[in-house]
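Shared between the two complexes below is chain A, which has chain B as its partner in the first and chain C in the second.
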Partner chain A sequence: MKRLLLAVALILLLAAPWIVTAPFFVHLMIMVLLWTVLGASWNLLGGFAGQVSFGHATFLGAGAYTMMILYLKLGVAPWYGIILGGVVAALIAMPIGYMCFRLRGPYFALSTLAVAEIIRLIALNWESFTAGPVGLLITTLPKVTFWGKALNWESKTPFFYIAVVIVLSALFATAVIARSRLGAYLLAIREDIDSAEAIGINTVQVRVAALSLSAFFAGMAGGFYAMYLRYIDPDAVFSIALSVEMVFIAVVGGLTTVAGPLIGAVFLVTLGETFREHFLVGHLIFYGFFMMLAIRFMPEGIWGKVRLWTGAAPHRDKS
Partner chain B sequence: MSLLKVTGLTKFFGGLQAISDLSFEVKAGEILGLIGPNGAGKTTAFNLIAGFIPPTSGHIVFNGESLIGLKSYAVTRKGVARTFQIVKPFRKLTVLENVTLAAFLRIPTRKEAESEAGRILEKVGLKLKRFTLATDLTLSEQKRLEIARALATQPKLLLLDEPMGGLNSTEIEQASKLVLDICRDGVTIIWVEHVLKAIMNASHRVIVINYGKKIAEGKPDEVVENPEVIAAYLGTKKQSHVTD
Partner chain C sequence: METLIQSLVSGLLTGSLYAMIGVGLTVIFGVMRIINMAHGDMVMLGMYGAFWAFTLWKVDPFLSIVLWIPAAFLGGVLVYRFLLKKIVPAGELTTLLYTAGLSLFVANLALLVWTGDYRTIKLDYAVMPLRPLGIAVPIPLAIAFGMAILITIALYWFLVKTPTGRAIRATSQEPEAAALMGVDVDRMAVITFGLGTALACGAGVLLAPSLYLYPTVGEILVVKCFVIVVLGGLGSVPGAIAGGVLLGVVESLGAVYVSVPYKDAIGFVIFLLVLLFRPSGLFGVGKS
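Moving on, here comes the complex of A and B:
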């Protein structure tokens, strides 16, 4: 039953650009997929390991700049750039993790915020490398033929499928980690760090591993974001607003679940767009109000609530 | 040869000397009771041995290896497990998951770790509760879960920090039996306790500390006769009463 539902969902996802052809809606779906990856990335660290980061834009930005700089300066194709963006983000995450994970709870959360601001300022001021506030711009993407047909980068469809691949890999990785020993260690750390240490878990190392994995997916999302929008500047990819949005997606979707970030992204991205369309002035007020209601009445998230209703444990997703 | 040898252990918290020049040994297979009034430094001594805080000076040698400078997880890997006085279960995980997590330290596969956890839960009498969330257990059960989790790391030395605090007399009896059982299985135990009756019945040897110093050591029945111990617990009433 579960496999059948999964298969139907997958087919619908792959057929979506043919069902909904209006460019705006394809764009909306791409944004949903992008935010799913970011939510899934945050969920690995914030959900499973319970380590709240307010600085995840760092990794999004690192991935975006890696892809851009590699393409513009060295001519590395964007799809390699996306993967390398993930790798660079994961590498950057390691020293950040070893520094920040000496702190616990709210102090860790604050340190991530500080690090994110430092990195944003570096990107803003290191003009020879990042072009600073001017930003980086891709004018043309490389020509590619796929099954004998040239890909049309002006259409949104190719981007949709690239996003699908990244989303599926992020969700698949979450499912694998949830069932692995690493996943169990992350839950132990979320529940009680002292007890985790007492049963022999090197909690700094495990948290750094979780941060790195999480950063890898945020970095890939960043690389994709840069390729899709073709323009980035430090304030667009390193902003605190992005970090906070990732937290919302993961929390509203349902922490520590595999599908939660997808559900969260569907709701929040479409809701955000709807509010923007209907209330030109002050749409963020409505958005904020919705967030308050969601957190007040569904602290376990939308998917967590569904799992409660269907009798599955909300906090431990094993599917 | 002693399993654990502590020499000259000293810990300052700022200007406060929490542990001062503490030395003792534990032989393999022994149950050593560690007692003393509130604030004597018993838990601090445990935290030092288990690597939760670093000592200011002194040596801790376990099984021929120094534990100084090791982090708590590394101390656990060497074979020293501890329980917490204020229980710290993984609250939103089931009893079985709690213990399985600890078993992962020595057993990499989930299936085998789970069956080992099941065996330990049977021993501590929590088998029927294995699918209950840890947060839903009674205090007595949570204390036993602490012990089960520590045992799952397959320790040579087990540090029990007040496993009986807050338990009623029936539960204390069960817990005493459990401690003796664990010892019989070849695990050496250092045991901090306020329930003196239990510790006096079960320990082979007792150390009394007060203000971070060792004030007495010996067989349980000898130690309780020691005037310094009596003074530490009951206080000195009048000068004339303690003069010989």
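Moving on, here comes the complex of A and C:
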């Protein structure tokens, strides 16, 4: 039954650009998918391990700049750039993790905020490397033929399928981790870090591993973001607001679940982007509003609530 | 030499206002263990309060503080009572996320209502800076400095000398023991949140004539605020004052002697070093 539902959902997802063809809706779906990856990335660390990061824009930005710089300076094709963007983000995450995971709880959150701001300032001022506030621009994407037909980069459909691949890999990774030993370690750390330490879990190493994995997906999302928009500047990819948006999508959708970030992104991004069509500013007002509502009345998130109702998740004692 | 004194003076002037914002954040943390991500947005609201009082009613910004400080106190009390009270028992991380939501909500509401345009307040008497001993002192910043010192001293006196202030400090040190001694901990929490909000808003009013106003200015202010408070030790009022002045001076010296683009980064680097190596603050008085 569950597999049948999954298969139907997958077919619907793959057929979506043929069912609704209006450019705005295809754009909306791409943004939803992009934010799903970012929410899922944050969920790996913030949901499973309970480590609240306010600096995930760092990894998004690292991925975006890696893809852009590799393509513009060395001519590396964007799809390799996206993967390498993830790798670079994961590598950057390691020293950050070893440094910041000496701190716990809110202190860790504040330290990630500071690191992210330092990196944003570096990107803004290292002009020979990042072009600074001017930003980087892709004028043409490489020609690709697919089944004998040249891909049309002016249409949004190819981007949609690239995004689908990244989303599926992120959600699949979440599902695998949730069932793995690493997942169990992360939950142990979330529940009680001292006890986790006491039973022999190397909590620093495990958290660094989770951060790197999380950064890998955020970096891929960043590479994709740069390829899709074809223009980035430090304030567009390294801003605090982006880090905060990821947190909200993961929390509102449902922490520690596989589908939560997808639900959160569908809900918040659809609201936000539709609002943005009518009013140019202020679309994040919904994010703030539903974040407060969710924490107050639905701390397990939308998907977590659904799982409680359908009996897919056991009720947890409030202790 | 002259540049050194000049940058020390400007650092001190800005630092006094940083200190005022920092004290607001630190008393709230001390009593309720709330890391208030929306603190910067309270400063932003104060700035807009001053702007509208000046534009609509022709009230001098420095005079309008008489209206906005009580209003902010009341607003803080209401926010605590109706939004935060139920969240606080869930722990520091949950309140951190919750106030981040509040911050985004307030900033975006301001964007919708007041648009993202940069605004300024132009005071007739503030065109030329004062030049005592050849050092340029902008008049609005000098007035703000004086008023920030007065307000901070008043608050300090309140905390040290009055029974309510003593009860607040007791709650901050040890809530359970304070409750056993007959302190109404809930009431202290409400009063403290009101006070912290009033300080942030008041600092916003004082800063308004010296800065550009835009709805998301709180985002950068709140991050600076964390730097200040962690420098001085979370929960410590004298620490926040010292941290505020220190950050102001470091930024201003950094802009002259290190580099203008990286002046903001210096604060964050010090912040990280303090968090990692001296988590109780530079003066070792905070709670970690």
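Keep in mind that, in the parts below, the second predicted complex is superposed on the first by the 299 of 319 C-alpha atoms of A that agree within 3 Å, B and C clash if a C-alpha of one lies under 4 Å from a C-alpha of the other, contacts with A are read in each partner's own complex, and residues count from 1 in each chain.
The definition used in the following text is that a residue touches a chain if its C-beta (ideal position, glycine included) is under 8 Å from a C-beta of that chain, and two chains touch if they have at least 3 such contacts.
Worth saying up front: this structure is predicted, and the values here are computed from it rather than measured.
By the touch criterion stated above, A:V281 is placed in contact with chain C alone, chain B being left untouched.
In the overlay built on the shared chain, the residue A:I201 is in contact with chain B alone; chain C does not reach it.
Of the two partner chains placed around the shared chain by superposition, chain C is the only one that A:L110 touches, whereas chain B remains out of contact. Of the two partner chains placed by superposition, only chain C is touched by A:I118; chain B is not. Set against each other, chain B and chain C touch different numbers of residues in chain A, with C touching more. Applying the stated contact rule after C-alpha superposition, one finds that A:S155 touches neither chain B nor chain C. Once chain A of one complex is fitted onto chain A of the other, the partner contacts of A:V52 are limited to chain C, with no touch recorded for chain B. Once the two complexes are overlaid on chain A, none of the chain A residues touched by chain B in the first is touched by chain C in the second.
Considering their complex, residues 181, 184-185, 187-188, 191-192, 194-195, 197-203, 315-316 of chain A touch chain B.
Those residues of chain A whose C-beta lies close enough to touch chain C in the complex are 50, 52, 54, 99, 102-103, 105-107, 109-111, 113-115, 117-118, 121-122, 124-125, 240-241, 244, 247-248, 251, 279, 281-285, 287-292, 295-296, 299. Put simply, chain C touches chain A in their complex at residues 35, 83, 86-87, 90, 92-94, 96-98, 100-109, 111-112, 115-116, 216, 219, 223, 226-227, 230, 259, 261-262, 264-265, 268-269, 271-272, 275-276, 279, 288.
Note for the complex: chain B touches chain A at residues 50, 52, 71-74, 76-77, 81-82, 84, 88-93, 97, 100-102, 104-105, 108, 110, 149-150, 152-153.
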